[in-house]
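Both complexes shown next keep subunit A, but they swap its partner, so subunit B is in the first and subunit C is in the second.
Up next, the complex of A and B:
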């Protein structure tokens, strides 16, 4: 009888020691991220993007230096945290990547439709991502402040919000199914609640990002299109109104949060 | 031609910490493409670092090193203004050299 008690006591001690020694999953991931932070390969894409911005390219042999991203021709600093916004010349709401596409067509003579059709990670799409990476880096640490002054901007917000909650696909789920509650995760991946402001450097404020697991640089357009793929939907398309509307919804929700883009992801 | 490296070198006390980001595909030669053919191996084999032209580090790398690799090391006796050079050579014979000044 006496020896039996001893054994069970040992077991209890054994278990509790195990619990204390184990780091929580979140802590381990944080450690891993901190280790990666020092050598974020998005630096390489930034350098490439900056070079592309100044390079004379396309049939017209012109650089993008006269591109108007919302703060006047050639202004790069601070534009990222105010996009997507309404542009009078194209008469539509555009995010960074679709706006760059417009500039590549009007200034350089490249075909925007052809680039939009190019699969992610191929040809000109890579250049577009590098450009977006550099431009986002120029606004690193700045706070999101999207305009909602133009009626179209308000329409896009409303449409984005509805798309966010629209359930569909073979699994019948929406963006909100995974991103509508606090403190949820899929396996080890934390899921930010994107129906409200997720805070500095989370969600909308963390893309473009370098993904360590596949060694790819992703812009927001690829991120959003891939969300639809995960929902078992076809891609809405690069620079489509649907993805831009979602970006407006997420961007407006992130009002006042600081951008950490280009970020590094698992 | 290969894309440039990013080299940062910072002196602290009697040594300098060097951080290098290299732009390279680093194909292991184990992967298959969509049609089932093996993607040929393509990786950095030799890495050399110099301080003011004098070799301070050499390394033999293999296919297990990640894509866009990051390398960090310290050089004893390096001070601000010194030149740190890094060279890599891959198994296809391509190479790249970049230089940075210790700050």
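Up next, the complex of A and C:
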């Protein structure tokens, strides 16, 4: 894997100037990405997540096997492609990660607020990411089909749309600055147009994902968080309503597209 | 924090009640207000970034509202906002518009600054290559903005100090300082206006685009 990466990096940087070279560089990056598909380290996080689901944990020493992710207690297959959705017990629209927090608190006695405050990549946040990775994998290949039946789900779509176009910060950036048009790039990175359905396995349908460049597994919450960081926005709280509303907007736009999560990214 | 959360929940219930039974989504003002309260409850200060950076100006609010509506901004409103932005442009204090294109290239390459993982000492970059082709030897460029390769050459600027070039030199300064002066809802940051880049950095970028010696114009 390492030597493959080196070879492809040589391919990327080995070309000289000009339009021809640019095309070749893009092609090389495509090859690099194709080679990455050979082995996705997210398998390891999936295995950890499945184990965590079944393990008796927390002050109450209970597993998550009775957690209701939307299709009833304990049902995992097919839930990922229908989230975020409204949950009557919390009277909130929740995404996968915030819903898992609810279960970790109510079933296991862990503190949802403490976990939400924990930085990404630390402590229980790592467990949460592993759980989200496994649960997403159980819906791999299934098509997104978010409910818009409940008024709060429709409201969150509308709020998410407003968040997507919200311009602010020192750079006046919104999500739409980068993700509002077809076939645009930042440097050499292709940008999906997220104002409409970007297709199978693109955008919302590609997270959680393993990021080769930093060797980290990221859930959707972290993906959105880092977008906001680069947008020069302030810090969105983990599982905050803004992140969930935005996810509803992206998820509803991806209606009918197949999930490839957990994906692998550069 | 709990109070604001409770407020959002109450607002949500109110909105949900409003929409219960409605198949058609109306109430844009209510949704705008709800969005504002959700933003307030969701974002916090982190590092050098204060939550108040989201208290944006009329230009951004009007353009975002047009985006949400899926329409271009109202023509008269757009022109008024452009005039307002144009008026705010600070022209070079020493009357010198062109700096060093070599420094300009470094600024164009640099995408650092003003995120919550940067510190106050980080020198802000211009982020230019993220969206524009500039020197064509750099193959890693974005495409959100137009290509700026041969920017000065295409515009017939052979001597940026000549009176003939004056308008183009001023336009280039103004466009970098405050792009919204020329296109109210431009995707381009207002590098000078928002204090992202210093006067000298803008000077160096103008040189990168207009200096006949710059690789941009070869």
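Operating definition for what follows: the second predicted complex is superposed on the first by the 240 of 266 C-alpha atoms of A that agree within 3 Å, B and C clash if a C-alpha of one lies under 4 Å from a C-alpha of the other, contacts with A are read in each partner's own complex, and residues count from 1 in each chain.
Just so we're on the same page, contacts are C-beta pairs under 8 Å (C-beta built on N, C-alpha and C of every residue); 3 or more make two chains touch, one makes a residue touch a chain.
Predicted model, so just to flag it, every value in this text is computed and none were measured.
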Handout entry: subunit C versus subunit B on the shared subunit A, clash or fit after superposition
Key = fit
Exercise for the section: State whether A:43 touches subunit B only (first), subunit C only (second), both chains, or neither. Expected result: first
Handout entry: First (subunit B), second (subunit C), both or neither touched by A:170
Key = second
Practice task
Would you sort A:147 into first (subunit B), second (subunit C), both or neither based on which partner it touches?
Solution key: neither
Practice task
Could you say whether A:111 touches subunit B, subunit C, both of them, or neither, answering first, second, both or neither?
Solution key: neither
Problem - Contacts of A:237 with subunit B and subunit C, given as first, second, both or neither - result: second
Exercise for the section: May I ask you to name which of subunit B and subunit C touches more residues of subunit A? Expected result: C
Practice task
Mind working out whether A:215 is in touch with subunit B, subunit C, both or neither, as first, second, both or neither?
Solution key: first
Completion exercise
Min C-alpha distance, subunit B to subunit C, superposed, in Å, is 12
Completion exercise
subunit B and subunit C footprints on subunit A meet at residues none
Problem - Of all residues in subunit A, those that touch subunit B in their complex - result: 38-39, 41, 43-44, 47-48, 212, 215
Completion exercise
subunit C residues touching subunit A in their complex are 8-9, 12-13, 15-16, 19-20, 22, 25, 31-32, 34-35, 38-39, 41-46, 49-51, 53-56, 59-61, 63-64, 67-68, 114-117, 127, 129-131, 136-137, 139-144, 180, 187, 189-190, 194-196
Exercise for the section: Using the touch definition up top, name the residues of subunit B that touch subunit A in the complex. Expected result: 3-4, 6, 19, 21, 23, 66-68, 70, 72
Practice task
Within their complex, state which residues of subunit A touch subunit C.
Solution key: 15, 17-18, 21-22, 25, 91, 151-152, 154-155, 158-159, 161-163, 165-174, 176-178, 180-181, 183-188, 191, 229-230, 232-237, 240-243, 245
